[in-house]
Amino acid sequence: MAERRVYMNGRLVPESEAAVSIYDSALMFGDMVFEMTRSFNGEHFKLREHLERLYAGLRILRIPLETTIDEMTGAVHRTVEANREAFAPDDEHRVMIDVTRGLLGIYHGVVGADPGPNLIIADFPLRWTVRGMGELFETGINAAIPSQRAIPARLLDPKIKNRSRLHYLMANIQVSDRRGENNWALLLDPDGYVAEGTGDNFFIVKDGAVLTPGGRNVLRGISRAYVLDELCPQLGLSCAERNLEPYDVYCADEAFMTGTPFCLLPVTGLEGLPIGDGRPGPVTRRLLAQWSENVGVDIPAQIQVWNDADADLGDAPSPYAFRRR
Amino acid sequence: MAERRVYMNGRLVPESEAAVSIYDSALMFGDMVFEMTRSFNGEHFKLREHLERLYAGLRILRIPLETTIDEMTGAVHRTVEANREAFAPDDEHRVMIDVTRGLLGIYHGVVGADPGPNLIIADFPLRWTVRGMGELFETGINAAIPSQRAIPARLLDPKIKNRSRLHYLMANIQVSDRRGENNWALLLDPDGYVAEGTGDNFFIVKDGAVLTPGGRNVLRGISRAYVLDELCPQLGLSCAERNLEPYDVYCADEAFMTGTPFCLLPVTGLEGLPIGDGRPGPVTRRLLAQWSENVGVDIPAQIQVWNDADADLGDAPSPYAFRRR
Amino acid sequence: MAERRVYMNGRLVPESEAAVSIYDSALMFGDMVFEMTRSFNGEHFKLREHLERLYAGLRILRIPLETTIDEMTGAVHRTVEANREAFAPDDEHRVMIDVTRGLLGIYHGVVGADPGPNLIIADFPLRWTVRGMGELFETGINAAIPSQRAIPARLLDPKIKNRSRLHYLMANIQVSDRRGENNWALLLDPDGYVAEGTGDNFFIVKDGAVLTPGGRNVLRGISRAYVLDELCPQLGLSCAERNLEPYDVYCADEAFMTGTPFCLLPVTGLEGLPIGDGRPGPVTRRLLAQWSENVGVDIPAQIQVWNDADADLGDAPSPYAFRRR
Amino acid sequence: MAERRVYMNGRLVPESEAAVSIYDSALMFGDMVFEMTRSFNGEHFKLREHLERLYAGLRILRIPLETTIDEMTGAVHRTVEANREAFAPDDEHRVMIDVTRGLLGIYHGVVGADPGPNLIIADFPLRWTVRGMGELFETGINAAIPSQRAIPARLLDPKIKNRSRLHYLMANIQVSDRRGENNWALLLDPDGYVAEGTGDNFFIVKDGAVLTPGGRNVLRGISRAYVLDELCPQLGLSCAERNLEPYDVYCADEAFMTGTPFCLLPVTGLEGLPIGDGRPGPVTRRLLAQWSENVGVDIPAQIQVWNDADADLGDAPSPYAFRRR
Amino acid sequence: MAERRVYMNGRLVPESEAAVSIYDSALMFGDMVFEMTRSFNGEHFKLREHLERLYAGLRILRIPLETTIDEMTGAVHRTVEANREAFAPDDEHRVMIDVTRGLLGIYHGVVGADPGPNLIIADFPLRWTVRGMGELFETGINAAIPSQRAIPARLLDPKIKNRSRLHYLMANIQVSDRRGENNWALLLDPDGYVAEGTGDNFFIVKDGAVLTPGGRNVLRGISRAYVLDELCPQLGLSCAERNLEPYDVYCADEAFMTGTPFCLLPVTGLEGLPIGDGRPGPVTRRLLAQWSENVGVDIPAQIQVWNDADADLGDAPSPYAFRRR
Amino acid sequence: MAERRVYMNGRLVPESEAAVSIYDSALMFGDMVFEMTRSFNGEHFKLREHLERLYAGLRILRIPLETTIDEMTGAVHRTVEANREAFAPDDEHRVMIDVTRGLLGIYHGVVGADPGPNLIIADFPLRWTVRGMGELFETGINAAIPSQRAIPARLLDPKIKNRSRLHYLMANIQVSDRRGENNWALLLDPDGYVAEGTGDNFFIVKDGAVLTPGGRNVLRGISRAYVLDELCPQLGLSCAERNLEPYDVYCADEAFMTGTPFCLLPVTGLEGLPIGDGRPGPVTRRLLAQWSENVGVDIPAQIQVWNDADADLGDAPSPYAFRRR
């Protein structure tokens, strides 16, 4: 298959050469805003929403990117187009858009004049990100609460999708130490409220209502918004933002997590105790089924097919998981 | 002059090619431990202490680097040696050592097997980092307290010298908005205690005693330790770690910041009010003079010489400064 | 023009003699409850609401004022009446009502028996308070977030309109240091939520809805209540109390502040970044226009007329601004 | 006896006319720095230390008083001199020095040009302040912990002796509700550490050591410093700043409070439980005796004499007490 | 009258022998989940709701009780039946259900094999719990805010009805020190919001709406739920969960507390200040009257009858009151 | 062997009958103060210190026990004497002293007049408490940081050795979920500092100094005091109280925990990472050896002998461990 190419400030370079200078602010400060999207049947999903969130972050961080949102949309399409040969027919696209501030001022001497921000667009098969996840649609995952707390927005705003997130990794390290299978980290904020996973948003279902933490100490996920603003209304489900504590999760009927690559995964346990009857619940199933129908892809089945095909590659149980070696 | 080369996992590559894959954990999470050292007359200063701090960070973050500390020392020397031709006779070396966890598991497919952590060693002229700082030894800097608070160690430990530091940049953005010259950010922690600058440690002098915040919500700088453990005892100065509030700084006799590239800079104002008489104080001057004597380099003079030579390049007023365009 | 007179415990004294004993609890503890109202075409606006808030504060602080709310209403009218000659025809009234606990017990010997609380009612031209503000209705103000945080209600309740507010002044001092024009302080509370200005309430407009912080760590302004409870319903605008973070303000379509003297001023920037397109927005304009219509006064025009007439007096850019000399 | 006169910006006015304009920033914001001293045998005690603390506050609050510290010392002496006839032979002087920022900018029109800060110096008999306290040297006081917490320095710095202290009054209101006699408020800070009384500093004695809370969330009293830096060393007593919790006070051998008017009062109970054996302890007595000897005045006896003479005036049990009517 | 018997793990034992081993985890850690119900005319009220709350606590605390909820219901009925002879005709039943984890592992040697959790069901006359409360329906109680704060749910979840509640007792101790009658503790949480009493939930009535703190840092009382979910809708009263501060209570029209034994008691004062006109308000009275009607018992009258009959026994003014001896 | 008997308010009852009424305040609120001591060669160790701590708790909780400390000492000795026949020759005594407030007032009717507090003294073989611990002196334990935080002293003072400690149990539940062996919970306080285990105190050794958290948010253990005040001075080791963070523990040379039954156990890991070289360190060994010598008992060997003899009973790996069934 053809080698993939990555958009780097207007040029398409081989993926293995897509790299960021060691003097870039992104590597110095975690100073990068990014987005990661996916396709369904090759169609980008909510690309505009992703890009608007990206531009909000760029403004607040004062990254002076001159590319407009429409130009960037064009660049995404161009990149995907350029990689057509590098994808299998049943692949979906996972597009990663990174914007860095560029070289720190003190290193401008390294390359001459200040080259300004970097815009990087990569496109690779979604199947990698969801390795081993197929079965999780049936077993569900166990949410494990690490000692690490979410950094609250008053100190570092998670609503800006940035790369300064070492605390996510600490949470994953801590959770890797738990007995049992399929443990994913669920962070509490310093007030003891459920915040988010390390790359996913959390929901419960209680007495028929779909509830998720308010958009404060969390990334406001595009999938999260899709559930709240489109899927639940479509299905006539009541849904709301609500402060959630572990007590609420223990007493919930169902729970699930949302994330771009896998869309929606059942959470069937909290700290090893079953939620509800310990199996994916009916509301969770309805939401996933409706999502699949809306996008014309059987989401779990597609992932299971890839998993079966890639079984020899081993699992990557959470998209951001830390794995002990 | 010859092009500089950078050590990348055992190979020396041209500096302009020294880059980190866009799929590296360092770019995904700010997941990198690093050190930056300097030389005096070409001799590395406190290299061992820097490396020991680096290895403490690697252990706590569970980055499974297999290189030993002695091997790394060798690699540093080898890198400097390889760049000898690329430095002017009066240059000093600024060595940057980065260790990243490597490619995230979900991208291992990109390059085949998991290549493991990356060790990067770069060596470039110190003069870049201290551009425009020569005069600050006389004028001093004004410490400006931004609205942004230091992230406390209970949420993300700054004692691990990591790259997940977007909040430093937010502090610099906020301070760039102040009237007057030579404003450097001085962060308070959430308890209202002085923490640190965005890349430097803070000291006051009061009634002859040298005081600095305890090593909790700060990076424990190597220069900070040199002042506390070597310079002050050598000069018979009392010194101690102490909680400091803005009130203490307003009432101080002198203040200064320490950082590897410039060693020690006077702080002559806080929020625009002069500290003491608003000029570099006698204890500050003695410390800097003794440091210069100990290392055989007139520290401010050397920087001033470089600044004069590079005057056409413009300033980079703080090593980590945000600059409005 | 006639000299103004001030109501002091039942007597009308010349304004230049209206003063509070140096032994009064108000000067010892900031122990005073007060209100400041304004008129439109000489008619008091929301006087009853102001007085009810005053009496709530008196009760909670256990200030044993014996004057009833109706008697106080009468005293206000009497004071205004007595000053009729001292106002220009186009003036509006700014009435200040102060109640202090009176002399501290330890000073009762100074004047004999305990004279009890003081009731002071002053009436002066509103035009002073709004000097230089006329143009702000077009340019808008830039909200600047100081390092100083709002004191939360659990420590000192801002809903009691008291005079123990040195922290407002600290916020104004800090903001006086910002580059650019028309910076007004916007305080965050310790949780990082937007609280209020130093004498005004803050609103944003997002997707057509008018939002303002809940009435917890803020003074619950009478103008704020007028927007929430009367103007928005009158215009069919959705409005609500909501926790707001800087992120929400950066992403808002419009923003404004309310305060008794100026009613409603556009906020067109936050920390120097434009909000929306950086100009007063349509909802802001509609609210101000409706308010003007309701009270029969073109609010911005009236202020502009005064400003033009008083141009030689210089500006007082915020009603409570700190000005560097 | 002659009427007392008060120094007001260079003029001496009758005490009954010593008042602050209702438009002064002091009355608007609690924006005043002040000191209150006392004499022993007519000699000012620690006047220089009081004035230095005053000037620190003025600087930090940016109150642009032009009077120098030496000029102010002269003004104090002049004021006391002018009141000589108004004091009984056995009276001591209580001097109050107030500095206000002056009229708010928006009221400058009231009196013409900006008159700048106000300096007020009053001198009155100390006996008023210590009414009814004579017996407390034998019975001791009961420290009562109110629900109100000290405002921590990160929000409003108590080390600046300012007048924005309504929370002190709330504490006194709360404590006035307790059963039993001689209840004085003892505030905890939000971390649960003992801070201070509402106008006095707190100490315990444990195993022979004299301990007091560190100078953070407290006014750093001049009497406090006298105990720490002079009396304890003179008596060979170990003394230190230490975080103190209620537990430490319950387990203490002795406790006392210090304040300028009464110097040092035993605290014999906490929340109604006796401390030690419930009587003034030997270290407390030694400190008070030594203090009396150092200043040539039997401190408790002098107060008791005044109390006996003024018995018909009733008590003012704490210098800052709230009294229910 | 016959002696009462208590259900202990399937056996009925005389009440005087109903005791828990000194080695039980309940005595070691406060490790017990419990419920206390009451009857109306001998009919259990909301027994199912109580038991469901009990089982939620058992799950979260991982107490491996094997008894099902239906079996437990049977045991309750059996216990009540067994005690029929021990109750007067006009008595109501107060049933207490305790579940302990059982002997700590280290004491298993004491009694042989691990006997597992203990289930204890006691039934005693409700009249004991409400001694002296009859008059409170007319006078109301005064809510007194102690210095002790509620332990927030992030540290110890009060929604699990457990016995680890020494802080309730500390609150009661503190409040026992207040002047006046009928003081009941009302705890604030660390954020300064009203939480709950030490065994009861708190409500205010404001502008016709019934408001109570959200179910976070409080026990979610069954009586509380009855008011929110049944009584208010039945009476057409608006009701909601809302953050309440002391300010809101001071400004409320009415207030009341709910608790299982007394159902609903008026709160007519806060910290000694009257709420509303200081008498039980009309909404409070309507709620209590409707409750009485719904259950077929005149709730206050029944208690008053018992109180009159038991007048010689003295009062127990709060069900959980601390009484100074 | 003879059955053990327990002292209950002056009577000696069979251990199987030693129980607390279900209506006791201890079971209602966790309202009990207690101590647990041990002997060496049958001699009580630090009995006086334990009892003094007990009496401090009784005072603060206002439990009106009339027994004096000397009478209680006598009762302890009497109880041990009475059980002589029930102990094996090589047994040591574990004495548990419980004081409860007694029946709640509302249950006084149950048994007639108020019987007042209960004093319970039990004596049982220490070997039960240390089952399976013998090998830990060689392997060390792994300190695991749970999500549960220590309740800080400002909310519930752990220095009062009380039974309201459900949060200890939650910590143990959370830690029971970790992979690997010998995990003991180590709680952080809400500031992120190391507090204590769930029944033991924590120490590190760094550069030869022995360091332990200050006595604030911890029980101030008698064994802890023995190490600080006696063993370290005896061995010439520097020791101090110090705020410790996980970072400090990761960088420590050695670590250990102290507790009455086992005295001192090595901690060889934190969160699965080895501390030092992952084996008990030399300072730890010296302390334990000296302790053994001082008390005339080889502490680890004695425990190992018991463990070997009781091997068939299974382990109780931590004295307060939660064990999943």
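We call the chains A, B, C, D, E and F, going by the order they appear; numbering starts again at 1 in every chain.
By our rule, contacts are C-beta pairs under 8 Å (C-beta built on N, C-alpha and C of every residue); 3 or more make two chains touch, one makes a residue touch a chain.
Just so you know, these numbers come straight off a predicted model, no measurement behind them.
J.: When chain A touches chain E, do the two copies use mostly the same residue numbers, with over half shared, or different ones?
T.: Counting shared over all numbers used gives less than one half: different.
J.: Give, as an integer number of Å, the spacing between the C-alpha centres of chain F and chain E.
T.: 33
J.: Between chain C and chain F, what is the gap in Å from one C-alpha centre to the other?
T.: 59
J.: So the centre of each chain is just the mean of its C-alpha atoms; given that, what is the distance between chain A and chain F in Å?
T.: About 46 Å, centre to centre.
J.: Could you say which residues in chain A touch two or more other chains, in rising order?
T.: Residues 62, 154-155, 188.
J.: Could you list each pair of chains that touch one another?
T.: So, checking each combination of chains, I get A-B, A-C, A-E, A-F, B-C, B-D, B-F, C-D, C-E, D-E, D-F, E-F as the touching pairs.
J.: What does chain E use to touch chain C in their complex?
T.: Within the complex, chain E contacts chain C at residues 188, 191-192, 243, 245-247, 250-251, 273.
J.: Spell out the part of chain E that touches chain A in their complex, as residue ranges.
T.: For this pair, the touching residues of chain E are 56, 59-60, 62, 152-155, 157, 159-160, 216.
J.: So in the complex, the part of chain B that touches chain C is made up of which residues?
T.: Where chain B meets chain C, its residues are 144-147, 174, 177-180, 188, 271-272.
J.: Show me the residue ranges of chain D that touch chain C in the complex, using the header's touch definition.
T.: 6, 15-16, 18-23, 25-32, 61-62, 64, 96, 98, 104-107, 109-111, 120, 122, 124, 128-129, 131, 148-149, 151, 154-156, 162-170, 173, 190, 313, 316, 319-325
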